[in-house]
Structure formats: C-alpha cells, structure tokens
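There are two complexes below, and they share subunit A, which is joined by subunit B in the first and by subunit C in the second.
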Partner chain A sequence: MEILMSVVIGILFMVATYLILTKSLLRIVIGTGIISHAVHLLILTMAGVKTGSPPLLGEEAALYTDPLPQALILTAIVISFGVTGFFCVLAYRAYKELGTDDMDQLRGNEHE
Partner chain B sequence: MAWLQLVILSPFILAIFIPFLYKYVRQIHTGWFVLILPVLLFSYLIQFLPVVSNGETVQHTVEWIPSLNINFTAYVDGLGLLFALLITGIGSLVVLYSIYYLSKEKEALNSFYVYLLMFMGAMLGVVLSDNLIVLYVFWELTSLASFLLIAYWYQREKSRYGAQKSMLITVFGGFAMFAGIILLYLMTGTYSIREIIAQVGTISTHELFLPAMLLILLGAFTKSAQFPFHIWLPDAMEAPTPVSAYLHSATMVKAGIYLVARLSPIFAGQAEWFWLVAGFGIVTLFWGSFSAVKQTDLKSILAFSTVSQLGLIMCLLGLGSAAVHFGYSKENAIYTTATLAAIFHLINHATFKGALFMVVGIVDHETGTRDIRKLGGLMSLMPITFTLAIIGTFSMAGLPPFNGFLSKELFFTGVLNASQLDIFNMQTWGMIFPVLAWAASVFTFIYSMVLVFKTFTGKYQPEKLDKKPHEAPIGMLIPPIILASLVVIFGIFPNLLSYTLIEPAMASILPSLLAPEQQFYVNIYHWHGWTTELFMTMGVIAVGTILYFTLTRWSGIYNKFPKRLALNHFYDHGLISMERVANKITRFHMTGFMRDYLVYIFAFLIVLLGGGLFTLNAFSFGQGQVAPIGVYEVILALVMVCAAVAVPFAESRLTAILLVGVVGFSVALFFVIFRAPDLALTQLIVETVSTALFLLCFYHLPKLRKEISRVPFKATNFLISLGVGVVMMLIAFSAIDNRLFVPISEYFLEASYKEAGGRNVVNVILVDFRGFDTMLEILVLGIAALAVFSMIKLRLARREDFENQ
Partner chain C sequence: MNNLIVLPIVLPIMTGIILIFFSKHIVVQRWLSLISLLAFIGIASSIVQQVYTEGIQTLYMGGWLPPFGIVFVADMFASLLVLTSGIVALSCLWFSFRGIGLDREKYYYYPFFQFLLTGVSGSFLTGDIFNLFVFFEVMLISSYALIVLGATKIQLRETIKYLVVNIVSSALFVASVAYLYAITGTLNMADLSVRVAEVGQTGLLNVVALMFLIVFSLKAGLFLYFWLPGSYSAPPTSIAAIFAGLLTKVGIYALFRTFTLIFYHQPEVTHQIIGWMAGATMILGAIGAIAFSDVRQVLAYNVVIAVGFIVFGLAAHTTAAVEGAIFYLINDMIIKALLFLLGGAMIGIAGTSHLQKMGGLIKYHPVLGWMFFIAAIALAGVPPLSGFIGKLLIVQGGLTAEMYWLVGISLATSLIVLYSIMKVFMHGFWGETKLSPKEEKGSDKGLLAPCAVLVFLSFALGLGADFFYPYIEIAAETLMDPTIYIQAVLKE
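Coming up: the complex of A and B.
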C-alpha cells in the first residue's frame, strides 16, 4: 500500500513542479495547491497506513491508527488553505494592477 | 594604567577636545593647542635614552582581552624608541609648520587636527606595542587616518582617487599581515613578540613558518610602498603638504620598515627572508629613482624619491639579516654594517625628506604652483628656502659633508660586502646588488639636482606664476631649518647618534648575535681611506653631472616605455575589469525571471537530496512492513493520477479547476480509507471552499492560454519536474523501510481519555496536548484574512490618492 502511495505522491510532485515552472500565474497557483496535497499524503504515508480503527476511543478496538500525523495534517491543511486564499487574491490584484498574468512580463527590474 | 599606555592614548584623548577648541576658541589657530602634546611626548620619551642605551628595556602591560591572550603591552627598546622619537619629534615640527601652512579662516582645521592626532596615536601604538594584535589594530588605524588625510580636500576628485587607492592597497596588505599574525599565533600560542622570539628555535622548521613570513612581508611591502605596491604613494601627494611630509615620508611609510626590523629576530637567517627583503628593496630603489627623474611635479619627484629611499633601507635590512649566519665579534663587524646603515639612513631620510617636503610646500604656498616647468630663478627671491633646499637635496644625493653622504657610503659598503657572501646563492647573483645600487644612486643624484636647480636657478618666469613670490613667514621656515640643521649636525658629528640611538636599535634587530654585556661597535667617520665606496661615489657624481646636463637629449627614453605595461594601468584596469566581471556574473545568474530561480532551487534539491540518498546509501526498497493493497485504493489512485496529469494539458481554466477539485476530493476519499474522519471532513470543506475561491478569482483573470514556448524550454521543465517527483518518491520509499523507533502514539491513545477527558484523540491532540500549534494556526488564518482584506481595500485608497494628485 505504501509503495503505491509513494508512486502517487511522486507523480503529484512531478505535476506540481511542472506547473510551478510555467509562465502563467494561474497554473502556478494550481501547482501550489497540488503540491500541498502531495505533502499531506506524504506525511500520512510516512507514518504508515497500517489498518486499524479510526482514533476514536469509543470504538474500543484493539488497534487504532496513528493519531499524531492526522493532527499535523489537519494543521497543515488549514494553513495551506489560508496561504492559497491569500495567493489567489494576490494573483487577482497583480493582474488588475499590471494587466498580465505572464510571469516573464512580471519582472520587476525595468527601472534599474 | 602606566605612563607608557597614556603616551600612546593621549593623542586620541586630545583629539576628542579638538572640535570644541576649534569652535569656541576661534581667535587662536587650533594648531597651537595641538603643538603642546607632541612636544611633551618628545621630552618625555627622550628620558628613556640613557635607559635604552644601557641595553635595558621597559615594559608595561594593561589587560585588554586576557581570555584571548590579547593585552595592551607597551614595550620600549632601542628600535621602538627611535621610531617614537621620530614620530613625536617630526610630529611637533609638522604641527608647527601646518599652523602657518593652513589658513585659519579657509580650512576645516578641526577635522585636520583630529585626523593628524589620530594618526600620531596610532603610529605610536604601532611602534610601542609588544602584542601583535594590538599592533595590527593600530596599523589599520594608521591606514584609516592616512585615508582621511589624503582626502582632506575631498571636493577634489584626485584626492578621493588617491585616498581610495592608498586605502585599497594598504588595507589589502594589512589584511594579509593579520593572517600572518594568526599563523604565528598558531605556531607559538602567543601574540607577544618577545615570547615568539624566545621560541624561534622550535618554529623555524614549522610548515606554517614560510606562509607566515610571506603574508607579513606582504603587509610590510604594501605599507612601505615597495615595488610593485608603490603606486599608491605618488597619488597620496594630493594630501596637504604637512601630511605628505609627516605621513608619506617620515613616519607611516616607515611602518613597514619597522615591521621588517621588528620581526627580523624571528625570520632573519632564512634564505627566503634575505632574498625577498633585499631583492624587493633593491628593485624598488632602482625603479623609484629611475621614475623620479621623469616627474615634473615637485611633490611627485619627492614621492618617487621616498619610494626609492624606502627600498634602500629595506634592501639594507635584508642584507643585514645575513649576519645571523656568521655570528658577531668586533673583527667580523662588516656583516652587521648593512643593519647599521639601515638605521642610520632611516634617521637621515626622516630629517632631509621632511625638510624637503616643507621646502616644496613653501614654494607651492608662495608661488601657487609645484610644476618645475613653470618655476625657476627663485634663488634671490627666497634665499633661506634655497639654502634649505640645497642642504636637503645634497644630503639626499649623498654628497659630503651632509649625513646622506655617510649613510650612502655605508650603503655601498653593505652591498659590496653582500656581493662577497658565500651563502644563499650569492656567489652567482651577488653582483646585482652593487650594480643596481650604483645605477640607482646616479639617478638619485640627477633628480636631486633637478629638484633644486630647476626650481631655484635658471630663468625667472613671473608671467607663469599665480602669485608674486617672496620669502615665507618665519614660522613656516623654523621647522625645515631645524631639520636642515640636524642634517648638518648629523653629517658633521655622526657619532652623536651611534651609541644613543643606532646601537640600541641594532641590538633590537639582531639580538641573537650579542652575548650578555656585549655591544655592537658603531663608529661612523667621514674619511675612511681610498676605498671602493669612495670611487663609487666619485663615479656617481661624475656620471650624474654629465647625465644632468644632457637630460634633454636622453629623457626621450621615458616616452618609449609602453603605457600598457605601467603599473597604474594594471591597477586602474584591474579595478574596472573586476567590477565588470562581477557585474557580468551577477547578470548571468540573476536574470529576473522567477522561473530561472525556481529551476536553480529545484535543481539544487534534486542534486542534494538525490545525491545524498545515493552517496549515503540511504535508499532501500521493499524490506519494511507494508499494508496490503485493496481494490478501492487502486481505483482511487488511478483517478487521482489521471486528474493530476491532465491538469497541465487543460486548455480552459474551468477544466483545470475541476481537475484540481477531483484531485482534492480524491485526497479526502483517501483520508476516509485511511481512517482519518476529521481529516476527511476538513479536506472536503476546504476543497469545496478552495474550488469556489478559484472559480471566483479566476473569473476575473484572463483565459488560460496554451503554453506557447519552445520545445527545449518545456523539455527542461519536464526533466526537472521528473527529477523532483522521482526524488520525493525515493524519499517516501526509504521512509517506509527506515522506521527507527516506535511512535509515541500509544501514549496519546492511552492518555487521551484519562488525562484530557476526550475520546476523539485527534481533537484532543489539537486542542490539548499540542494546543499551541492550533493557536498559531488560527493566527495564520487571521493574518491571511486581514491580508486579503487590506489587499482589496488598500487598492482603493491608493486610487483615491492618485486622483487627488
């Protein structure tokens, strides 16, 4: 199972990196979204995805899954959501002010 | 704090009060207040003469940084005292001279005297310190003070150029010297010169010994303007003339000489030391005197002359170091003659060169020019100045009965002895010393004559002069008169100096040669028989006179010298091309394209992480315990991968957003499968909101265009992203197999209900065990919300500003 997940994570990283290297600001925003998905899955996979009950003690199971990575990922999801939200507005503002979403034209050194 | 430390620090203390004196006592020239200090210091230091000539030394230590072995140790011996007397003595005369030279109304006297006092204190610190780090601190302070003084008239471009040049060169050397000091410390474990000398026997075979010697010599050569580092000195002539007289002839440029003399007990006796010091010295001597002849500016002539005389002293110190090989007794005193000559010439040079600079300053002050092509016939107008110039230049040229004659004779004796040596390959190369020395003396004779006769004799050309020349005020004449009298007195009674100053200084330079209670034999006399030296001097005068009268016929050879090979050309173009190359390198990698920087970062990540995995053999595969694969997971993984891979190919923004949504929701489903209900919930909500946000935001952005770029561009992007993906995949693989210890989750599962009273372990961790993370995460969300708000609001505010303008 972990092997399969590792391959999936690798592909997600690859796609995200490719998107981040492109010129369009839109694709870059999307790339960052995908890279955060990949990271979340990576944290989960590295902790091991052994089967067991969800970490709810009412289940009274013999074996629970590891609760700590879940807590970490929950924090990470919220933070990356905050950053993505800000990034979207930033892209929107940049486009409104500068009239382009092409990263090649968004070089800041025209006045040097 | 002992008196000695106070001697060193007193100029700095006085410097603090100078601006107040300048501001509140306007009617008196600030220089008069300054003058008191060097006179006091000189009379205090002269008390040490009897002590030092008995072969005793004085030492006082004040702790500075004892934990690092750095203590402020003041140490007075023959060499230190000689220099300290020169610094305070000539310092007094220069201050007196500057009172008449610099106008009270027009010049910023406060900064001038602050810099000058700072220099004086730093220079005293250099020559009276026993601790090498303290010496280095004062050494750099002299560079700094010299920089400030050269650029005293900072409105002139040439002053700034000269100051920058001297700063770059001397600080470069100073830094090398610092490295050399640290190497010495590594070998001996002490910064004290005394203690290092005591360990000479054990360190001279150490592998760091030679590097330390080279680095320290680099410092000494740059400071003392030795070839090829002499180029800063002629440009330093943009400083006011009192500064040139003080710093750039009598004191600072001798700091390198001092360093070589002071560290001679450590390095003397080594062939490298002998050849480097003597070789660079003799080349500098020749090159300086050769270049001086072509100058037309009086101060430039003196600058090159200083370069050449410094080379002479340096060469003698190098030749004198050979004496360590032969030991000392009264019969073979000839080997130490070179050292004797070096000390004697050091004193003589300070006297006559100081006087000559002051004379040139007077000529400049009274006529408004220093160009010898405009000057001439001033003899009858300025008789006193003319007399002083005659004494100075004849002494410089080495004519009897002045002191320059004596030291030049001793110099010839030194080089002739050296050519007879049978060590260090001197049998084959020894003859270059007397030959070059003789040639250099001829040129010295020529420029000395040019200096005095082109200025004071010949045709008087009043139409070329800005002012009507007349004799200088008496205050301006007193300092050069004192110096010129010293030239004459030392010339006629040289043995006044022999056992008071010269012998103690020799004992500090060559301490290993003397048995206890033994002294060097010093006797300088005018008439020493029909020796080779005397014939050499006659030859100098004869050939020099002929060449002086035929100067116009052969001075054309100076124009033949290719400009491209000039050292200044190397320096200027070196600086320019250094800047250009640095610019080019920066432009090459700092392109301004975000994509390029990301490529660097990703490439670095691939190389470092991938290479790390490879070289550390960290990669492993399939040995750990893995969970079985179910059919749902495979289907879900396929859906997610297909959606993700399709994103870059999407041609409309709606498709792209939907595809990203598919990826996000599959992640949520994975969370369900992996038994993480809270994660699944959060992911679902966040994904929904994000998708909505994307839709809202992208509605205002332009349509997603197809990436139109060249194929190689895409190929590199693809390769790099492939690399990143593979590396991350390998890391994930390795993580499965390298589980080093049991996770602490058991604790959370056990304590969750017992200690925190909650059954949902994830939530208990979030708000109870690790509540701090959650608090800051809330802060992040809050900041993001505020940032979004202000991004939108602030735009409107700026618009209004624009409209109002």
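Coming up: the complex of A and C.
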C-alpha cells in the first residue's frame, strides 16, 4: 500500500510541477492546490498507512494507529485551503487590474 | 512552566481580532495597536529578564508533557529576538500613522500588522517543528495580505510571485517534516535533537537536513533570494520596513535553531554547504547593490548581503561567531527597518525612487539626511555604532574556524555595503537641490520621530555593548550546547 501511495504522490508532484511552470495563472493556482495535496498524502504515507486499531484507550489492542499525522494533515489542509482561497481571489483581481493572466506578461522591471 | 511566554503570541492575536471590529474608527485602531505593542515590549523584556536570572522558560500547552504535547520555549536567543521585533514593530507602526494613507488604514492594515507580529513571535517561541510551520504560515498569510494591500498594479504582480514561491517552499517544509517524522517519530525539537544524536546523523538525515536548508533559505533569502528584491520594493514604506526587519530574520532564526539544535553532527557536510551559500549570497547581493540606482532596490539587495553575513556566523559555528551573528542579527533588524523607513521618507519627499532624479534633500531636511548617514555607517559597521561589534565577532570566529575565503568575502562586501549606501546618501542628499520646499511631493512631518527611536537604539547597542554582552553570551551558550536546551525542555 505504501509503495502505491508513494507512486501516486510522485505523480501528483510531477503534475503540480508541470502546472506551476505553465504560463496561465489559473493553472498555477491548480498546481499549488495539487502540490499541497501531494504533501498531505506524503505525511500520511510517511507515518505508515493503517497498522493497528483506532487510538482509543478502551480498545486494548496490541497495536494502535498513530493519530498524530492526521492531526498534522488537518492543520495543513486548513492552511492550504486558506492560501488557495486567497490565491484565487488574488488571481482574479490581478486578471481584472492587469488585463492578462499570462505570466510572461507579468514580468516587467519598471518601477512606478 | 511559565504562562508569561504565551502572552507575546496571544496579545497581538487578540488585539488583531478586536481591531477588526473597529475597522472604520482609525483613531481607535491606532491607539489600541500602540498600547498593545507597548504592552508587548514590556512583556518581552520581562521574559528576557526572567530567562537571564532563572534560565530557559518553558510552557507545556494544555499540561501535556513533551515530547507529546506542543511546547513553547523561551531561551535567550528567542526572547531577545521577540523583544527586538516588538521594538522594530513599534517604530514601523508609529511611522505608518502618517505614512500609510487612510485607505489602507480602513482596510484592515492594523489587524494584519498584529497577525504578522503573532506569527513572528510564535515562530521564535515555539519548540515544536510542525508548530513552527503553522506560525510561519500565520506570518506568511498576513504578509501576503499586507504586500497586496492597496492593489496597485505593481503590488499585484509582485504578490503573485511572492505567493507562488512561498506556497512551494511551504509544501517542501511539510514534506521535510514528514520525512523527519518518518525517521525519528517525533516533532518536538528537543526530543528530535536527542533522537538524531542517538541514531547518528547519516545518509537520510543529511538529506532531510538539506531539505530544511532549502526551505529556510527560501524564507530567509539565503542564496535563493531571487524573489526578495521585487517583493520588498512593491509595498509601501512601513510595510516594506517591517518585512525587511522581521520576515527574513525569522528564516534565519529557523536556520540557527535547526542547525545548532538538531542537525549539528556533521558540520563537514551541512555547515560547509551553508558556508558556501552564505559566501555566494554576499557576492551576488553585493553585485545587485552596486548595479541598481533605485533606492528601494539598493536597500533590498542590502538585506540579502546581511542575510549572507549573519549565516556565515552560523557556518563558522564557533562561540565567537555565533555571538557575533546574534549581535549582528539584532542590529540588523533595527538598522534595516530604519533604512527602509528613511528611504521611504526620501522617496515620499522626492516623489521618485530613482537616484538620478533626486538630489540635495539635505538642504531642507537636515535631520533626515544625518539620520540616514548614521544608519549607513552603522550598517557598514563603523565603530562605535552597533554593527561593528557583531562584525568583529563574526570575523574573529571565522578566522578561528579557518574560513579565510569567507572572511575575505565578508570584509570586501562590507566595503561594498558602505559604497552602495553612500551612493544613495550622496545622490539623494548632496549635490544640487532639485526640489524647492513647495515642489516637494510629500513631507517628512511626523515621520522622523519613529526613526529617531531606532537611531537611538543603534547607538545604545553600540555604546552599551558591555551591558548587552552578557545576554548575548547566554544566548550563544545555549546555541552552542544543545544539552542546555534539551534539559530545560525534557527535564530528565
């Protein structure tokens, strides 16, 4: 299972890198969304995918699943959700103000 | 256990939340944020004093003992930086009363300012590496909002780049935390240090260490600084000043924390690379500082040079070098904020940031001119101002560590720093006066007092070095000997 997950994470990173390197602003937004998604899956995989019973004291199991990665992912998801939301608004506003969503045209060195 | 430690985090965040409700009452917002910052400075200085007398202070959140719960740790290094950020923030806030403009004040400038401070002090005080990520994000999200506030074209353009760079580096941060957790099974920094020492820092852990190096270098502007000059020249003066004073410094703090506490076992791998990166940063920053004749760009490249110089102290990793790095870091927070504020006042008066288009400002603005001059020589490290002692100690440490090349580079770039700032001074303040008082685009009324606070502090740090030295010594001692930190947190 971990091997499969690792491959999936690798593909997600690949897709995200490709999207972030494209010209269109909207694709970059999606790319950043996918890269944070890949990272969340990475935390889950790194801690080992489900090896024991739920981490509750009454279960009296020999092996418990580590609850910490899920807490970490929850925090990271909230943060990346907020940042993606902000990025969407920023991209929209930038498109409105600058009249383009092409990263090549957003270069510019002139200082006002 | 010391509940005082959480106040530098709770106070700004509560103030920020309260300020949101007064978004249309600017006077209330100003007073509230000013009072809150004064209280912040008071608390921070009492924490410094407590750490000085009683040793490292810790706070276990919710009573969960480490390594299981989140722990806040105030050692001397962190608490000194919290205090300095409070003071720098106070000056920038005071400056923005006149410098930022009513529109921005109405659109939640002050709340974001407080949230930024929350993130900064949280990053300094936390003792848990994932919590460090969370506070980094608090700081970064507020900085995204601050940098784009006002939404001029140039701001929108630069924010997109800044945002993408930081999202990618944050993703890498979480990825390296995940790898670290897979190898060691803990996130508490003290516990991490113990476990890394047990298993030995080999192969995989070195890779993780280098991933952290990339992440924090991106945030600190060490070698990977390509985003910095653009982003720091886009926002208005007081925001650029607080960025220059605080944001990159948090990255430097994280570098110091991880590479003195956790990954210090193989300096011939990690610290060697850090050394090369520091050298490259200094050289490239110096080239940028000479090449541009735009006030903001010159100042932004000076931020880059200083980052390289401070991190060189880390790479040398001797007691003197680390002491010097801490001293120079504190000095640099003050001086960089001061220079950006003064540069902003200059641009405000001249109406342009291009050096060739301004001149002779000193005729009508002597105080501004001389303060800029003092800041310039303090930055370059002319005694008796504050930059000198830090520089001396770092160079001494570098010589002890036998890093002659890097010492040479750092001394040469010091000259270039002096040259580039003097270029700004001579073109901006000397020469033919191009604008009469009536033609000036703005005034410096009310802008000089906050700068004077920082000038005074710079003098105090330089002349009263004997008074500050014991604090720096304790901070460096904790950094050089991780067992002090570990024992204070884990209490074995």
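In this text, the second predicted complex is superposed on the first by the 100 of 112 C-alpha atoms of A that agree within 3 Å, B and C clash if a C-alpha of one lies under 4 Å from a C-alpha of the other, contacts with A are read in each partner's own complex, and residues count from 1 in each chain.
Just so it is clear, contacts are C-beta pairs under 8 Å (C-beta built on N, C-alpha and C of every residue); 3 or more make two chains touch, one makes a residue touch a chain.
Just so you know, these numbers come straight off a predicted model, no measurement behind them.
By the touch criterion stated above, A:2 is placed in contact with subunit B alone, subunit C being left untouched.
By the touch criterion stated above, A:43 is placed in contact with subunit C alone, subunit B being left untouched. Contact with both subunit B and subunit C is seen for A:86 once the two complexes are overlaid on the shared chain.
More subunit A residues lie in contact with B than with the other chain of the pair subunit B and subunit C. In the superposed pair of complexes, A:27 makes contact with subunit B only, with no contact to subunit C. Of the two partner chains placed around the shared chain by superposition, subunit C is the only one that A:98 touches, whereas subunit B remains out of contact. Judged by the document's definition of touching, subunit A residues 20, 25, 38, 40, 42, 46-47, 68, 75, 79, 82-83, 86, 90-91, 93, 97, 106, 108 lie at the interface with subunit B and also at the interface with subunit C.
Subunit A makes touch with subunit B in their complex at residues 1-27, 29-30, 33-34, 37-38, 40-42, 44-58, 64-68, 70-71, 73-75, 77-79, 81-86, 88-93, 95-97, 101, 103-104, 106-109. On the subunit A side of its complex with subunit C, the touching residues are 20, 25, 28, 32, 35-36, 38-40, 42-43, 46-47, 68-69, 72, 75-76, 79, 82-83, 86-87, 90-91, 93-94, 97-98, 106, 108, 111-112.
For subunit C in complex with subunit A, the touching residues are 130, 133-134, 137, 141, 144-145, 148, 151-154, 156-157, 159-161, 163-164, 167-168, 170-171, 174-175, 177-179, 181-182, 187, 233, 294, 296-297, 353-354.
Only residues 592-595, 598-599, 602, 622, 624-630, 633-634, 637, 640-641, 644-645, 647-648, 653, 656-657, 660, 663-664, 667, 670-671, 674-679, 682-683, 686, 689-690, 693-694, 697-698, 700-702, 704-705, 707, 709, 717-718, 720-722, 724-726, 728-729, 732-733, 735-736, 739, 743-745, 748-749, 752-753, 759-762, 765-766, 770, 773-774, 777, 780-781, 783-785, 787-788, 791-792, 795 of subunit B touch subunit A when the two sit together in their complex.
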